[in-house]
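Take a look at these structures.
Consider the two complexes below, in which subunit A is the common component and subunit B and subunit C are the respective partners.
This part shows the complex of A and B:
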């Protein structure tokens, strides 16, 4: 039909215009430098060798002047190299693979729910509706204590789960990297809801007999974004301590926090949170440059806690019957959107190519000065990153971010499939997603990855990594997806028929 | 089931959980039930295995659970839940929901338990779950496993297996696989298990002309979705052992003059007990009163692999009164004139697409031959069970007799090797008389010498 053809050719023309513009702006320096160099070269050719030699002799250089100049150059160079922040490398990481005996199919979850909440059929109905639309699959896992009818969450079971998850992940990490426990200089453990004394980091030190001068930190209460907070902390510590290894353990212990009441807003986490954990090895040693998988480029943290609504939107409290649970407010998505916008505003200038930044600046100026009704320009982050790891907090979060950042289905595939296979594993979900991308063989040298996490508070944290070497799936790209990667991606229906 | 308060308190510390398949079965996987399966839906196989403290020592219950997960990967159809199609025909949706797993403790030693007077009638019911399917089909587990720890360190494993999934032979096979999976947990050799679905079973779409109704199947009033039949009179259960020497005595009594004849053990026991029962029960006028049902293992069906309801169910009717027939003639009749009723039973069930409710055990006096069920094949830590007790829940008013092996082969136990264990489910009011009759034949006195 005639009307569509002009549209098509228009859009093709537009595409080329866009491409031309991007190429022009992103390489402006090269493009201006080239003509200048060409002019000088032509001039030199024209002048001929004798004239150049004459020019050289006419310049009279004093020994002192030469020495001063060279010292100045050396001094500036040294100063530059010394003050440059150390490069932080991610050598490798390992994700916890839950045992088969912890598996919770939908049918089992619903049957247990009916038996536990037998006088509250409405709550059971609610849980069923959440589960149907959750985007979770049939292989997610809950810790052994939660499998009982009713669940038996005592401290011993919680410690048991912590030992199972953390020690498995650490053992896996040691195996993958060849790291020896006594080589760990910094240890950071983050687990939001379970914080015993002695801390989980002390538990790790005890189990693996780490050195007595290991710097250990235990972050608790910081929500699902605590993984990236740990990375930020490790990065800062590695700037101060040269030639060091830092191990970060990100996990969430579910046993003590399984909500036993029937308040709907608090039943939601029961349906989504699942067992998981990851152990990551960061280093600033130059000897590891070659083997390291990623280099940490940026970490951007945004905290919206100053706003009361944001502060209360994920709140742990007691219900009327005294059961402790985490209450999620109805404006969670709106607040998440706000926090994301804040984060993007900071990270944008750091990662976006000049072309996008220029467009954004022009539209901003235009809106402020000329016409406030102009649509705000949303920078195209696909220019800045090859891979996206969005915290698998729930289907709604991933949908929202996909819409806001205009990402394709393939960009959010890692997040959706992690939610399906492992559920919401809180701070470690980013690592399962990264593992998925590696297992699919999509990670090439030079690829940039953006990890975004949301957490209670309300926080939005981002980390940007650059891939250091192409990751071969057969050797080190498998991990927790080893036995099921061939089944993925799966189509996840809107509503699963239970 | 109303237990006395003291009895109920004997088994305590009940913890419920679920065990399911370790592998995802997939969505929309359905297991169709054959006519034979549906005919059995109101019955439940119960098997209780007793292990000494030696066998249970160092047994990690977590490992046992892991082995069950492993086993269920092949028996995934037992982990599903029942649904009804539009026509009302039940089928199993394989949704990996799992079997119920029950952990319990008992403050007595195994020996003390077995010596209790009402062990077989009441106490054993605390060691295996009595839960039946229903009233909600979609949320009733067809398989329940109970592990009870005793004061002496021994343990019992009680398996409740809905007969719709398979007969006692299938149930025993499943437990044996669990034991093998436990032994295999260290090594990673996979089980080569062929799953034979029963969907290829002959199902007659067009109803064949009925010759006569099967004698072994009895209609009961519709039970809806609560799959248990209520008896018109209270039933009682009791058990006794028959030692090898007692069997020899029986043999000589039956064969009489022709001592060289090979008299099959099961049929001899059946003949003697039938005569005792006939003396106790009144009225032999109707042919139905002179009919018995016999259940035996089908030698043609493979014992390995997963198969469902395949036992041979046959019926025998006497022309004359039982009391007047001599034992040898009874044995001959039981062996030669038992008519395989399975085809007829299937026809009847299929006639209304599996909606009607029937019972088989207890429709007539039923004799069940479990000698060939590898009940002692379930091993823990390399040890065989000391005692295995097997019965069926949901037996009708005519009662049932179960003949089991008394011990593992080559165990050299007092009541093992060559002996038999007989369990009788019979109307409570007639049990004392029956016991007296059996005592006259020299049976049933070994009630309490189970070591």
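This part shows the complex of A and C:
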């Protein structure tokens, strides 16, 4: 039986006390101005209309006074608007659609497996059992080098896959947004396990001839949550640089990392990880407000690396024969739950409506003062969000999160269908899921989306987006779901008999 | 009327409060270096001349010509006998590195350097808000930044970034990230950890353009503690004045001059192309063009413009070709010390000529190359350490850092020295021997004969072991 997520503990209480205190102190000016305004209002009511007219006539309006007053108001208004943090908009994004020739149906995968691991039938059977219960479909894709028997993962093939994925996604992004390469100010590329010299960001700059003062960053090793880390970095950079565009490329290059040994814990990623990538355009330009699809509201990052168990649960190491692979530990779910809990305690106060927060506070007080046996109140996140994008890490992850956040099947449909159609594409899976929701025509103006991703280390990152305009379904065949959205949702059985 | 006066008073006060907050916010956005520490590996990792020869002979794939090429490179490289190599070289396994070799090399560095830095500055690991790690040639799962967080038990809301593959200029890119974060958030401590992982990247083939990296790169690393807290400004060592990044990846020849690829036998190595010097000069020129207006005083800029204009007018009237030397900007008017990336003797010479530097100015870089070799991204911090140990840094001085990276990038920054410094740091035990003349080095004594060998007849050529 899988271990369930731990309940909310006392760490949340302190956060709420702090919140109340911070609110009081931060808004002290507003809170003192309010009684003054109330007093003026009462005074005005008391005086009556004739007295007000008399007061009005008795006022001598000096031109200088009026000018000073109006300048003061204008200055204050300008300072107020300038001191607000800039809004970050997501103009559009493009997901890589793998070519048909790279498809890996179950039969192909098992045949490969049998040929490569011919002296280890137990490992083959293990892979078959994983595949049966994985929730993947027949249309997921692996890069061309992995289709060889045995696979040929050399550097040239890895670069080839990187070029295929990244350049297609970027070409698609340029087409969708009308962006010119010369207008890109910030470029962030994240790919966990492949970092050639010069970096993938330099490869993008070379191919599209970006400007020489483009700020480029190449993040790696940060796991499946790296996409949201890139968004966090882009947001911080866009706060400092006005009128800028930032392009983020999230991908995972599989060619060099296909495990070639036969250690079971390390064969698991082979069954789940598939080829995919996404390119996202963020901006802080006010002129893009109308066309932008989403506005970034919050990004919350939680890192559980200080805890040894969390740190070791997704680990790259060598097996006895020297093959490098990623081993996943058995308590992955429990650790994911812990990380999620930390993340929720930070993001909860930011997104939950006052009603939920009040209920939570009251239950907390009740438990402390009246009866400790009261069940802790788990806030209903469905009140805060209309759509959920849960990283399609695997079926178990989606099941656990669905149970513990009390989500309905429709909420997690995007995640399940992405896992089925594209497999676990690591950091870009969140964008395939968002694309699914849009393709189904469910995204309306004002909807809030919560993207949750887990990563090695162990990290849990969330991003909250607010939809800026109702998004019509793609009629011109664009997007990765264009040719198959009508077949979805499909029912994914518990076990697919192979 | 009292009401009106009250209204005026309140709004003026509020306005003044906002102005004061805005000014205060600007002062909270400065980027200070509180402390930095360069890594000194243990003495059993020193690479002397005898051992270099042994490595060359035991490398089976090297033919005669390659041996000669390597020896020539070592002789003229400007490295001394005390540079450090990764442990894998001493156990003879450089052809078959395991994942653990690379990681343990990094962990040895993390345990030593970061612990020293944090204890010396009195900051506990849980106070660190931002962590940026850049190690160009190793990317593992979990990332090296996660390893540091695990080892030092840092907080769970830390902002962490792990950069790779950004070459020898990556430490300035990390500082760029920190600088931008300091502008948005207040009261942060940031830790930048920079190093290079050599164990998994030994080139075991015989392509000449790829074996050069084997000769030059050495183990090293540094950790830098930065903050934007105003209260810490009196303890700070340096203040960042400006940072400029230039990326020439759009040009194919710049992009292709330093590329990691497989040779004909399928061995991975970094290919240094022939267009490298030209790409470097071009990137440097572009970078200097952008940063000079920010760092040079007005009178120097005006003088340069006037002289250039006069020359142009003279040149166009008398149709002189490029006979007269181009006027150069005098960087010494705005900069007191130069931290040049120790990419190699040619790089230091090249930058020295471009910036019109004297021997005194490039001495720190040359001595760092001699003592520590090319430690990639952390080299500029060793150069800074030399200047500090030689007591050259006085309050108010300006230090200019410039480094190159694959892609092709050129990054530079200007720091202001906040207080007089004279700590020996990583140069403590050898600073008194410096400066040395790099022209007579032990490699030259042992292998200098190679420069005179004109014809190479395999039958008469005595193998290297006889000369060790």
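Some observations on this one:
Going forward, the second predicted complex is superposed on the first by the 413 of 498 C-alpha atoms of A that agree within 3 Å, B and C clash if a C-alpha of one lies under 4 Å from a C-alpha of the other, contacts with A are read in each partner's own complex, and residues count from 1 in each chain.
Going forward, contacts are C-beta pairs under 8 Å (C-beta built on N, C-alpha and C of every residue); 3 or more make two chains touch, one makes a residue touch a chain.
Keep in mind that this is a model prediction, so the values were computed, not measured.
In the model built by aligning both structures on subunit A, subunit B fits alongside subunit C without clashing. Of the two partner chains placed by the overlay, only subunit C lies in contact with A:210; subunit B stays clear of it.
By the document's definition of touching, of the two partners only subunit C reaches A:29; subunit B does not. Once the two complexes are overlaid on the shared chain, A:108 sits against subunit B while remaining clear of subunit C.
Touch criterion not met for A:272: it reaches neither subunit B nor subunit C. When the shared chain is aligned, no partner comes close enough to touch A:414: not subunit B, not subunit C.
Once the two complexes are overlaid on the shared chain, A:139 sits against subunit B while remaining clear of subunit C. Between subunit B and subunit C, C touches the greater number of residues of subunit A. Looking at the shared chain after the overlay, A:148 reaches subunit B, while subunit C stays out of its contact range.
Taken over all C-alpha pairs, subunit B and subunit C come no nearer than 15 Å in the superposed arrangement.
No residue of subunit A contacts both subunit B in one complex and subunit C in the other.
Here subunit A touches subunit C in the complex through residues 29, 40, 69, 72-73, 75-76, 79-80, 83, 85, 154-156, 192-203, 205-206, 208-223, 229, 232-233, 236-237, 239-241, 301-308, 311, 314-318, 322, 324, 326, 342, 346, 456-459, going by the rule given at the top.
Considering their complex, residues 15-20, 22-24, 27, 62, 65-66, 69-70, 81, 95-98, 139, 141 of subunit B touch subunit A.
Looking at the complex, you find that subunit A touches subunit B at residues 99-101, 103, 105-108, 111-112, 114-115, 137-139, 144, 147-149, 152. The residues of subunit C lying in touch with subunit A in their complex are 3, 8, 11-12, 14-15, 18-19, 21-22, 98-100, 136-137, 139-147, 149-150, 153-167, 173, 176-177, 180-181, 183-184, 244-252, 255, 258-262, 266, 268, 270, 286, 290, 405-409.
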